[in-house]
Each structure stands twice: as structure tokens, then as C-alpha cells.
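In what comes next, chain A is part of two complexes: it sits with chain B in the first one and with chain C in the second one.
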Partner chain A sequence: MSTLKLDLENYKELLKEYIRTKDEQALYQAEQFSKHSMQHNISPEEIINIHVQSLQEIYPEMPADIQASMNFLLETMISYGLAYQEHQALREKQLELKSELSVAANMQKTLLSTNKPDFNGIDIGAISVPAKQMNGDYHHFVQDQEGSLGIGIADVIGKGVPAALCMSMIKYSMDSFPHKRMDPSVILESLNRVVERNVDSSMFITMFYGLYNPQDHKFYYSSAGHEPGYYYHHEQGEFSEMDAPGLVLGVTKDAEYPQKEKLVEPGDMIIMLTDGVTECRQGDRFIEPEEVLEIIKEYMHLPAQEMVEQVYKHFEKLQDFQLRDDFTLVVLRRDV
Partner chain B sequence: MNLTIDVTNKEHKSVVSLSGEIDAFTAPKLKEELLPLTKEEGKTVEVDLNNVNYMDSTGLGVFISALKSTKEHDSELKLVHMQERVHRLFKITGLTEIMNIDSTVQGGI
Partner chain C sequence: MDFQSCVNIKKEWDIVGARQLGRDIAKKIGFGTVDQARIATAISELARNIYLYAGSGKVCFEAIDDMNHKGLSIIAVDEGPGIEELSQVMEDGFSTSGGLGAGLPGVKRLMDEFDIVSEQGKGTEIKVVKWLR
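Up next, the complex of A and B:
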């Protein structure tokens, strides 16, 4: 109570000073006073109350009507006071949510983490960066019992928390598939059924799945409506699109995913990405797919991991360090 | 960038003319306008995309929902005057195979 009293004295002096001098300085002090009051959770009607009390002390002869009008004003300020209290409560709530979200984001990182395997004869690079806190992109490496390497790269439509939760579901369904042989077309067909059954109608997932067999150096792949990857032919020094027809996951129950294959020669490279890479924008301009390949070419001499990191840095800079969409790039290169 | 949505209602047909960009910010508004139209039995909902130069996967989500809704309510969804850039998205995702999309693509392929 003593501080409030002090404030009352203070307010009264300030008011007196201002009425006497009409000086800007006193107005400035009034501003400081209100800031200070806000810090101490003093409501608007309390300020009016202080004003009324000060007036009464400065002008003991104040007409009764004016005094009554002051009570009227006081009453009208009460709703503002309540709104202000609510605002404070929301601010606290917002801070709470923010910290919960960062806990969730960390948990997602742990749940969805995948280890980039050391694979004899293949140099692997992978990077995945979310645009916001939660990542709606996903990539996954797995080795089956026959020694082949499976790589899945996926993008869930929509961003943020729902997208992230959806990805966790995909990851756990993939983990529950038998590890005997992971044919891309079979994997996508099974996942499609999982997504179709379990996910809201406006949500869907695109996915590219590849399987590399180190015995015969063949790469098998299928796509569920995913952004096509690229294949680099080392000998010709040329890129070609790696496209396979297939509908996005979760639209119809009985979608089929034809499987294609490629013989991977020494030095050849397989590039898998999400639309966060190809839909980059520089200001209002969209970048063309050729530009992505040019940048990849520029850093191709580096080891695969360094290469994907440099390519990411390039596009991050191009977009003023503000990603519009989650960015994922995975590269496999057969050793020469 | 904004999205303008104009709906013209005829007896058994609604024409939805869109202009602007369909992305995470504008898609919810589109969904709100488009979905109720697909819930009328026997209705054809024609979406004119002539003035849409950008769409991201969130936009695809709206059209997938609309397609599913037409199947439930026995109505029809038709996409016309699609720009090349937007068409590419429908093609990659395999949706050109299951959606009624006007084949005369703007800008030509």
C-alpha cells in the first residue's frame, strides 16, 4: 500500500506541476508514471482513481457534478481494466506455449532422427532444415537384411505441428515393416494404405523411396507424387530427371507405384530433394530447376556431406536467410 | 500476395474464378469457399485458374479435399485454364490422372 500512496503523492505533484506550467517535461513524467504503473499491474481505473483523489486534494472546492462525472468515467474504465488483465494472462500463456512447442520440436528431432550410415563404396550427404520450428520434411536411411540401403525422403503437406505429428506416424509405420527386403513399390503401397486410413482428407504426403543394392550396383526407386530427383551420369557429365509415376500418399486406397531401376556407374550420383529446394524464391522470382543443378555442379567436387551443406547455404543466402519451406537434400555418390 | 475468389452460381454449376497465389496463407479461405459448393448433389464446380500463377502443396490439399468431397456428395469438380507452373505440380503429384483438368494448358507445354 505504501508504494501506491507514494505514487499518489507523486501523481498529485506531477498534475499540479503540469496545471501550473503546462510544461512538456511534466507530460513526459506522466508517461513514465504510466509505464511504471503497468509494470506493477496497476489497472486503468486505479489511475483514474488516483487522478480523482489528486483533484480533490488540489481543488477541495470542486463542484459536486464534476466529481460525479469522475465516478462515471471510473466506471467506464473498468472494462478496459479487465481487457488489460486478460491481455497479461494471454501473454503469459503465449510464453508457456512457446516453450512447450520448443520441447515438442526437440522431441520430434529425437523421434525422427536417422543415422546417415557408413556404406562401403557410397558417399552419402544429407541435410534437412525446417522453415519453422517443426519439420514437415523427413528422410530416413535403413539397411535391410540383404545389405541393401533404403532411402526414403518425404514431404507432408502443410507445415507446423500437424505436419510434424504426421511424419512421426510415417516413421513408425516404416519401422514396423519387415526388414527382409524393402522394395520401393511395396513400401509405398503399404504406406499409402496407412496414410489413407489415418490422416485427415486435406493432408497428404509425397514420398520418394529408393533402394541401393551394393552387389549389382542397381538403384531401384518409386515415387508417390514426390518432386522428381536427379541422376548425374559421371561419364557424360550430364544430369537427367529421375521421375516415376505415382499418386501422392493418402488420396485413394488402391494406388500403385511402378518401380524403376538404374545401373549406377562409378562416380554417378543420385540426388533426392523436396520442393523446399526447387520452389526457392529470390524475391518474387522463382528459381528454375536448372539453377539448382548448376549450384550442385558448382560444389560437386566436394565430399557429399560438404556438398549438400554448401548447396543449402547458397539457397539460404538467396532467400535472405528466411526459408519459406522446409529444405531437404540427400545425395548418394558411388565411389570412383 | 493475395487471392481473390469470385463465385458465379448458375443452376447446376458454380464457376469459381481465382486470381493471385494459393499458399498456406490463402488456402484456408479457398477451402472455406470451395468445399460447401461441392456438397450439393449433381452440381458441377468449375475452378478457373487462369490468373493463378503460384500454388504450393497447401493448395493441392484444398483440391484433394474438394475431390474427396465430390465423391461423397455425387458432385463434380473441374479445373480449367491451368497455368503451366501450376500444372507441373498436379502432374508430379499424379493428380492429373484422377482429376478432371482442362488439357489446354496456358502457356503450352
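Up next, the complex of A and C:
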């Protein structure tokens, strides 16, 4: 009660001042007054009420009709006041949700973290950056008992929380696979069954899985409808597309994932990515796949990790630092 | 001072009647202009809910005058279909007001006390109180 009274006195003085001087200084103080009132959750009808009371005190002889009209104004402000309070409540709720989401995003980061292995004879670079708080892309390195290196890269169609939940499932299925060598086609077949059984049919996951055998330098790979990767032939200095036929995970129970293989020569490079890389946009224009390769070529002289980071920086800048889709790029290069 | 008076709600026009009676009683109890306007708005919401969703019902007013408490109690009763998801209608931004801030959460904000009992197929009773400060 006392603060409101103080405000009334304050308001009356400001109003008087303005009526006397009609200058900007008083109007600026009115602005300050309204901000201060908002901080104390004073709703618009109360401001009108303060105005009416101030008028009555400044002009005791104010005509009754004018006074009545003020009550009319006050009445019209009640609903605005309610909408304002609702807005405040929803804002608080939004902040709550936001902080919950960032806790979830941190948890996801821990859950889905994968260690980039130090692998003899192979230089590895990997980067994965979410467009929003939660990442719908996933990449995973695994070294099996026989010394091969497995690399999975996946993308959930869709973004945000549902996509992230979906990815956690993929991660745990992969963790539960035996540690002996498994062919990419077998891995995709079993993941396909997991997804088909457990995920809503409106949600799709694409995945590219590769296995590098350091004994014979062969790279085996299969794809479940995933963005094709690229292969760089060091000797010819050329890129070629690296794709394998296969349905997106979770569409049908008995999908098969034919496996291909490539002999990796010294200096050759394997590039795996998600559509967040190939579908970068500059303004309204989608970039061409060749542009991705050009940029990769530009940074190819760097160690693999620096290379993927520079490529990411390039596209981040190209898109004005606002990713539209989760961005994941993994590069393997056989040492020369 | 202890009297109760009711207004039957059947037509949209009855909402105005309920507001009028509620405001008169609020004035008599001693509520100021701002609180009168808030009470009238709450009555509007309660009466409009009856008119729109139950078809008919009534809004009753009771002046409260305890030893150290003065206030106005309003009870809105209908025998309409009842409310299925109470937690939903009490949620901000959900109401059919379409984000106009009114609805039952609005009524709750306008008044000091709010109580609702609703049974599907039997009807709804909402009791609200505004205390004189």
C-alpha cells in the first residue's frame, strides 16, 4: 500500500510538471515511471487509476462527466492488464523450459560423446555442431578387437528434442553390439530392426557406416539412405562419390544393406557428412556439392582435425553464423 | 450484513445483468474503482462461460462480513457438460480466449480466491472471493 501511495505522489508530481512545462524531460520521466511500474507488476488499469486520482487532486473542480469517462477508460484496460499478466507468466514458463532444455542438451552431449581414436596410420578429423540446442546428427567411432576402425554417421529426419531422443537409442544399440568385427551391412541391418521396432513410423534415420581394416587397407561401407560420402584419390587428385544402395532405417523390417569396398592408397581420403553440410544455404541458394569439395580441397593440406574445423568455419560464415541444420563432417586420411 | 442474490444466465444479455448486480454489491461493500472493474470482468468471464458452454446456469453473490474480513464471494453454477481436463483449462495460453488473457486463469488472477468443482455430465461450480483491503 505504501509503495503504491508513493507512486501516486510521484506520478502526480510528474504530471503537474508536464502540464506546466510540456517538455521532453517530463515525458522521459513518464517513460521511466512506466518501466519502474512494470518491474513491480503494476498493470495498466492501475496506472489509469493513478492518473484519475492525480487529476482529481490537481483539478478538484473536474466535471463529473470527464471523471466518469475516466472510469470508462479504466474498464477497457482490465483485459489488457490480464493479457499482460498472462504474458509475464508465459515468459517465466518459457525461461524455465529453456533452462530445462539446456540441461537436456548437456546430458545429450555427455550421452552421445564419442572419442576420436588415435589410429596408427590414419589421420582422423570430426566435427558435429547442432543447429539448435539438441543435436539430431550423430557420429560414432569404435575400434574392434581385431584392430579395425568402425565409423558411423547418422542423421534423424527432423530436429530438436524428438530427434535427439531417437539418437540416444541408436547410440545404445550400437554400444550393445559385440566387440568382434562386424560388417557395415550387418550393423545397418540390426540397427534397422531396432529402429523399426522402437521408433514412430513418422521418424526416419539415415546412416552411413564404414569399417577400415588396417591390415589390408580396405574400407568397407554400407548406407541406409544417407547422404553419399566422398572419396579422394590422392594420386589422381580427384574426388568421387561414395554411395551404396539401402533404405532409410526403420521403414521395413527386412531391409538389406549391400556392402561395397575400396582399397585405400596412401594419401587417400574418406569424407563422410550429413546433409547439414551439403545443404548449406547462402541466402536462398543451396550450395552445389562441388563447392563443398572445393572448400575441402582448399584446406586439405592441414591435419584432418584442423581441416574439418576450417571447413565448418567457412560454411558457418557463409550462412551468417546461423546453421539451418545440424552439421557433421568426418574425414579419414591414410598417412602418406 | 449477510445476503445472497442471484442472476440467472440464459441469454447473452444476462451477462450484463450479472455484472451490474455484482458491481452494485461490490460498491456497497466499499471496493474502489479498479477492484470494481476487476470484479465485473471476472463476473463477465464466469457468466459467459455458462452462456457459451452450459447453456444456462446462475451467478450468485454474497457479501462477506466477518470480524476482521470484508469481501465479496461469487458462485457460478451450471448443470452443463462439465469440464474434462481441469488442469488444461487452468493453463495459461490454453483457453479459448486465444491468448487474450481471460478465461479461467484470468478470473483467478482478478480475484483473491478461486475454487472449482466440475463433474462430467453433471455441471460445474466455481467459487471466487475478492477481499477488501
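In this text, the second predicted complex is superposed on the first by the 294 of 336 C-alpha atoms of A that agree within 3 Å, B and C clash if a C-alpha of one lies under 4 Å from a C-alpha of the other, contacts with A are read in each partner's own complex, and residues count from 1 in each chain.
As a convention for this text, a contact is a pair of C-beta atoms (placed from the backbone, for glycine too) under 8 Å apart; a residue touches a chain by one contact, two chains touch by 3 or more.
The structure displayed is predicted, hence computed values, not measured ones.
Placing chain B and chain C on a common chain A by superposition gives a fit, with no clash between them. Look at A:G267: by the touch rule set out above, it reaches neither chain B nor chain C. Once chain A of one complex is fitted onto chain A of the other, the partner contacts of A:H87 are limited to chain C, with no touch recorded for chain B. By the document's definition of touching, neither partner reaches A:P214: not chain B, not chain C.
Once the two complexes are overlaid on the shared chain, A:P162 sits clear of chain B and of chain C alike. Shared-chain residue A:G246: touches chain B; no touch with chain C. Once the two complexes are laid on top of each other via chain A, the angle at chain A between chain B and chain C, using C-alpha centres, comes to 90°, given in steps of 10.
Of the two partner chains, chain C is the only one touched by A:N49; chain B is not.
The gap separating chain B from chain C at its narrowest, counted between C-alpha atoms of the superposed chains, is 20 angstrom. Common to the chain B and chain C contact sets on chain A is no residue at all. Taken in their complex, chain A has these residues touching chain C: 1, 45-46, 49, 52, 71, 74-75, 78-87, 89-90, 93.
Contact residues on chain A toward chain B in their complex (touch as defined above): 155, 157-159, 201-204, 206, 224-228, 245-248, 251-252, 255, 275, 279, 286, 325.
Only residues 32-34, 37-38, 40-41, 92-93, 99-102, 105-106, 109-110, 133 of chain C touch chain A when the two sit together in their complex. If you check the complex, the residues on chain B that touch chain A are 24, 31, 54, 56-58, 60-62, 64-65, 67-69, 85, 92-95, 97-98.
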